[in-house]
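Scrolling down, you'll hit the structures one after another.
Same chain, two partners: subunit A is paired with subunit B first, then with subunit C.
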Partner chain A sequence: MNDSMMDLLVKALLDGDQTQAIIEVGKLREAGVRRRQIITDGVEAAMTQLDAKCTVEQFNLLEIMLCGRAATGVMKVLYPLGAPPLQTKAAVVMGTLEGDVHDLGKNILKMVLTAKGYRVVDCGKDCSLERLVDAVEQEAPVAAGISGLITTIIPQVRQMKDKMAERGLGHIKVIAGGAALKQATAESLKVDFIAQSAFDGLHYLDQIVGVRHE
Partner chain B sequence: MNSIERIKAALNFKQPDRVPVIAQVFGHAAILAGVALGDYVRNGELLARCQLQALQFYGYDAVFALMDANVETEAAGSILTYRTDQYPIVKSAVLANGTDLNTLLPPNPWQAGRMPELLKAVRILRQEAGDSVLVVGCVLGPMTLATQLLGIEAALYLAIDEPEQFAHLLGFATKIAMRFGVAQIEAGAHLPMVFEPSASPEVIPAPFYREFVLPYLNQVFTTFKQAGSAANWLHTAGPATPILHLYPQARVDLANIDFCVDPLDAMQALPQTCLNGNIKPLAYVEATPEEIAAESSRLLKLFANRGGFILSSGCEIPPESKPENIAAMVTAACQEK
Partner chain C sequence: MPTLTVKFEAGVRHLSFIPGPSLRHILDATDTQVRSGCRGTGACGLCLVRIESGEAGEPAFAESIHLDDAQLAQGVRLACQVIPRHSLGIVILAPAPKSPWRRLDGQGKRRKNPFPLNELPQSVNKPYGVAVDLGTTHIRISLYELSSGGWLAERWGLNPQMTAGSDVITRLVAASESPAQARAMSQWAIAAIGEALWDIAIREGINLQQVMRLTLVGNTAMLALISERNFDLLLQPSHWFNVIDCLPDDTVSWSIAWNIHPQAKIEVIPPLAGFVGSDLLAGVITTRLMEDKGGSLFIDFGTNSEIALWDGAMLWVTSAAGGPAFEGSGIRCGLPAEPGAIYHVTLQDGLWDYAVIAGDKPRGICGSGLVDLIACLVRLGTLTPRGQFSPTVPKEGFMLVRGESDIVLTKRDVDMFQRAKAAIGAGIQALLANAGMRYEEVQRICVSGAFGGSLNVLNAQDIGLLPKISPERVELCGNTALSGCEDALLSPGTVERLQRLADRAKIINLSHCPDFDMHFLENLYLQPLRGA
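Right, the complex of A and B next:
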């Protein structure tokens, strides 16, 4: 395979240039490169580079959004019917709870996780706890992610683990993120992990599913 | 000194009798009065009554005619979902379904959606308390309103893909902000606070702020000053340190700083601008009165030499906060010499 062709895809993704990224994917496919490899060496590689660039002080949201959009575009070209790549690492269910409209963070997390090979089940914003737990039951994810930016949803967060345990889902991890939840501790929220950023959450998930970090 | 004189002294870096204290009590006033939040945000008279009750209970220096972040977008045609115990949320944003911006007219504040109810609240608050206490209205800043009209992600992508279209949208949002704010001043508000969370560096980088947000904010604040606003109050939540030094270019007189901003950085960035802040919002829910009192005196000491300070929360005091925590902040300001 032609390494420099893949590099061009990675570059287009990092530039947030969706059109160029899709052109590069076309070229790679013509050269006979498999879809799976384009995901691993192209999309995931671009995300890894972005991850390394994004520290707490240096976090450019627009850059991530553009890269995420380009990556999503590439996935759509590769899997037009929306069928997920064959071997996803694991599923993650996520949502923003009832009464909370802030969904930018959740959507970014979704793009990052999808581009890193997770199958994301997005329950959307203003989602009831019941619906989120239903989704966890149906999808057998490795974790449920809650994004919370207003403190009024904290009581709902605290019930999540118990509600899951009632249905025998207590072994599934619950992770939380977003401005309101970041102000609290994991113990006080009764969750397994509080992520400071989308990449922080990614690292935690990778740890659970046993992906080694380069 | 009454509250207004005290705040004016702080704004002008003069010596007030004590540091003013503004608790950003919005929906909490409903909870305190045993009123459903869903009713509070739809009824101007009820809102004003709850605000007056909270004022009497806490004895701070300002009241707010503020419903939620969706008043303007609803008046322009967005559909909201209302709930009994929560702020409403946007169910479908007016421009999200492909509606052409050119077919929209800026809403008339005396007629559209809940705008007239908010103006009613302003009028009552001014009548009942406005001789001595600051009556604050609220408009969304152009950037935030743009994100509320179109949806935040779509708006950000538009800014990058079609900057001219985005500027057009900001222009429209600016018109709405100016009309609504001027109507609030006419109804009796001492000033309309400009609520601009979507322009936070948490969301957009500083160069974007300089190019897209500043010029429009400047227009809004210039218009408010001409209409008789007592001061230009800008409220941007989140880690705003990278953009603070730009505020004077938008004619900001009073800058809100959130809990994640270091007050020393803010003082340095804005040596001649009055600051308000910056106790952590969640602390009013989770901390003890002693902790709030300690944090308040830390801030009062920090600003003692400089002046130009109003003790406050970093953002909205969460509706479900413990009253004794809010009271502890007010007491701290009243006791500090």
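Right, the complex of A and C next:
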């Protein structure tokens, strides 16, 4: 039974049980289910459910991280060489700014966006503004995402748009997210959008590229 | 606990107290203080109260001098001379003008190594020394007699820069954007220290002109702001792990503002780097961490927690930003450790019990109470190590106290706590990895900062807030910044020790630690720490 097997994968992903999730993927592959379908009906479905759970605050950071780790593990099993799993909607450049070691929020967003068909260019953590803007110039993304858990990075966030404008990249949207930035307004941080969660960020991006939500 | 009932025109106030200190001391710890002009020796005769009910004991000698028979017959007494043993009802006849400065009790504190006499200036008869801990939220100062090392007075109060932002970065940004704002913030801090000193002067009868030495510690941002030096550098990540010069250009204006002796030696202990202030150095000095054989861990809990590990040859230092959960901030029913905060929670035979600071009705829960509550819930199985409540807990969270103000622990609170804990855990792991040590090799842990002396070590270990070593080897040190500053003020050789510390210190930037994410994730679990 294809459906119930897929449900088991979704459950393992939501439980954050990486080992179990990989076992379920193995079974699905044995049953002849295509990789592409595992992504859309398994990983993507789990992300959608995670979205709902995060909205009602049922999930804490640990649960989201475990889920993310499991999903990343599944992707690695399906595409060991890291080939892009889906036709990409658009590219997004993202990074955690210099001085901040917490790039978990960014990693969660990366996972969600990848699962939803975006090509994510990850500049990593402790990333300088220069490096981030360089990547934006090179990759021509629809948006640049910057995250930070600690307030120390706020002064850098506020320079991002200006630095991009200096190189004629002012039309590209800047999205900020992370514990330190969620309380602030987009104006005060001089960005286009503040994502309250990874899914909030996804919805905003979908809006920009014109993806309709069912 | 006996209760002190204070009657005012506006109503009554109940204060629980542990018998021992005088009535004046009990009142001094609150914001309803009695007027005074001496250090509670009975010399000034200003601290008049009337006993309304209860047994206050026989009048002391000082009272028979200041009070006449009619007053004594009416129950009038000197608050400094009455040592209540049981519950008492009083009226304050001579209320003190409102002061934002609270008194800290250090009665009988004496330093073993007083400042050597030959180094003292001869011009002043009885020289005093002042130690200042300039914190982001609070300022603490203490006054000592330099020749004997005897404690005289102590005060704490809010840092007035709080009005410009409660966190360091907001203040640094404000200062960098406007020179006027920078000037003002420096002036506020200087004025606040002056007010605290003035409060000591008038209430304890101290002549500030006898203050010949003042030593100040603080985090790098606070020092840069009060000195108006290089605060803008602190906003640049490249400087966080470097030395930042934030010593004042001139301290003459400070001694004038504080009304201390014009030749007083004012010393600001320099920080090690942008993220390692002299408050941390003071903590390492006062716990004598570097005199151990090795395997000593120092943790200063706060919004940014500083962690130091002495391995016998090197001092590994880092700063872990985990958010303000330990200080009760960002938690639904969180409170700082102040009257009305639950600071201990126990669960015995299925019954919850708790202790409240100053014995008041509970208004919220502070960091140490949160540790107890979470540890008990995990032990009970009501909360999983992942931070999920069992299905028996309603969606609103776990209700600890039902009453005028309900005290609830939400899943989000637990999440905030897990994040703060994970930052510390990952920081400790990074230091151990750099020193090439394992958890089992930790011999001693010094806990300072947010939890004060109230942390239940076993509970903290069970949820992985501290490495699991024998609890006797975990020391709750309270505010180590002020006490280390006092060491620097009073003990010869501290300057040399600070130099040795700077030579041996190695600052670890957590963003350069390859396994940080993995360690952070592991440390989110509410379970004992596992081997590194």
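Keep in mind that, in the parts below, the second predicted complex is superposed on the first by the 204 of 214 C-alpha atoms of A that agree within 3 Å, B and C clash if a C-alpha of one lies under 4 Å from a C-alpha of the other, contacts with A are read in each partner's own complex, and residues count from 1 in each chain.
The rule is short, and it goes like this: a contact is a pair of C-beta atoms (placed from the backbone, for glycine too) under 8 Å apart; a residue touches a chain by one contact, two chains touch by 3 or more.
The shown structure was predicted, so the numbers you read here are calculated from the model rather than taken from an experiment.
In the superposed model on subunit A, is it clash or fit for subunit B and subunit C?
Subunit B/subunit C on subunit A - steric clash.
Considering only touches as defined above, state whether A:H203 meets subunit B (first), subunit C (second), both or neither.
So A:H203 meets neither subunit B nor subunit C here.
Touch test for A:D126: subunit B only (first), subunit C only (second), both, or neither?
both
After superposition on the shared chain, which partner residues are touched by A:M65: those of subunit B (first), subunit C (second), both, or neither?
In the superposed model, A:M65 contacts both subunit B and subunit C.
Does subunit B (first) or subunit C (second) touch A:A184, or do both, or does neither?
The answer is first: A:A184 touches subunit B but not subunit C.
Touch check for A:L104: first (subunit B), second (subunit C), both, or neither?
both
Superposition on A: which subunit C stretch among 42-50, 132-140, 204-212 or 258-266 collides with subunit B?
Comparing the options 42-50, 132-140, 204-212 or 258-266, the clashing one for subunit C against subunit B is 132-140.
Let me check the overlay on chain A: which residues of subunit A are in contact with subunit B and also with subunit C?
Correct list for subunit A: 60-62, 65-66, 69, 98-99, 101, 103-104, 107, 125-126, 150-152, 154, 179.
Which of the residues in subunit A end up touching subunit B in this complex?
Touch residues, subunit A against subunit B: 16, 60-62, 65-66, 69, 98-99, 101, 103-104, 107, 125-126, 150-152, 154, 179-180, 183-184, 188.
If you look only at subunit C, which of its residues touch subunit A in the complex?
Residues 167, 169-170, 173, 235, 237-238, 240, 321, 323, 386-388, 411-412, 414-415, 418-419, 423, 510-513, 516-517, 520-521, 524-525 of subunit C touch subunit A in their complex.
Would you pull the subunit A residues touching subunit C in the complex into a rising list?
For subunit A paired with subunit C, touching residues are 57-58, 60-63, 65-66, 69, 97-104, 107, 125-126, 149-152, 154-156, 179.
If you look only at subunit B, which of its residues touch subunit A in the complex?
81, 83, 86-87, 89-90, 152-153, 156-157, 160, 202-205, 208, 238, 280-282, 285-286, 318-320
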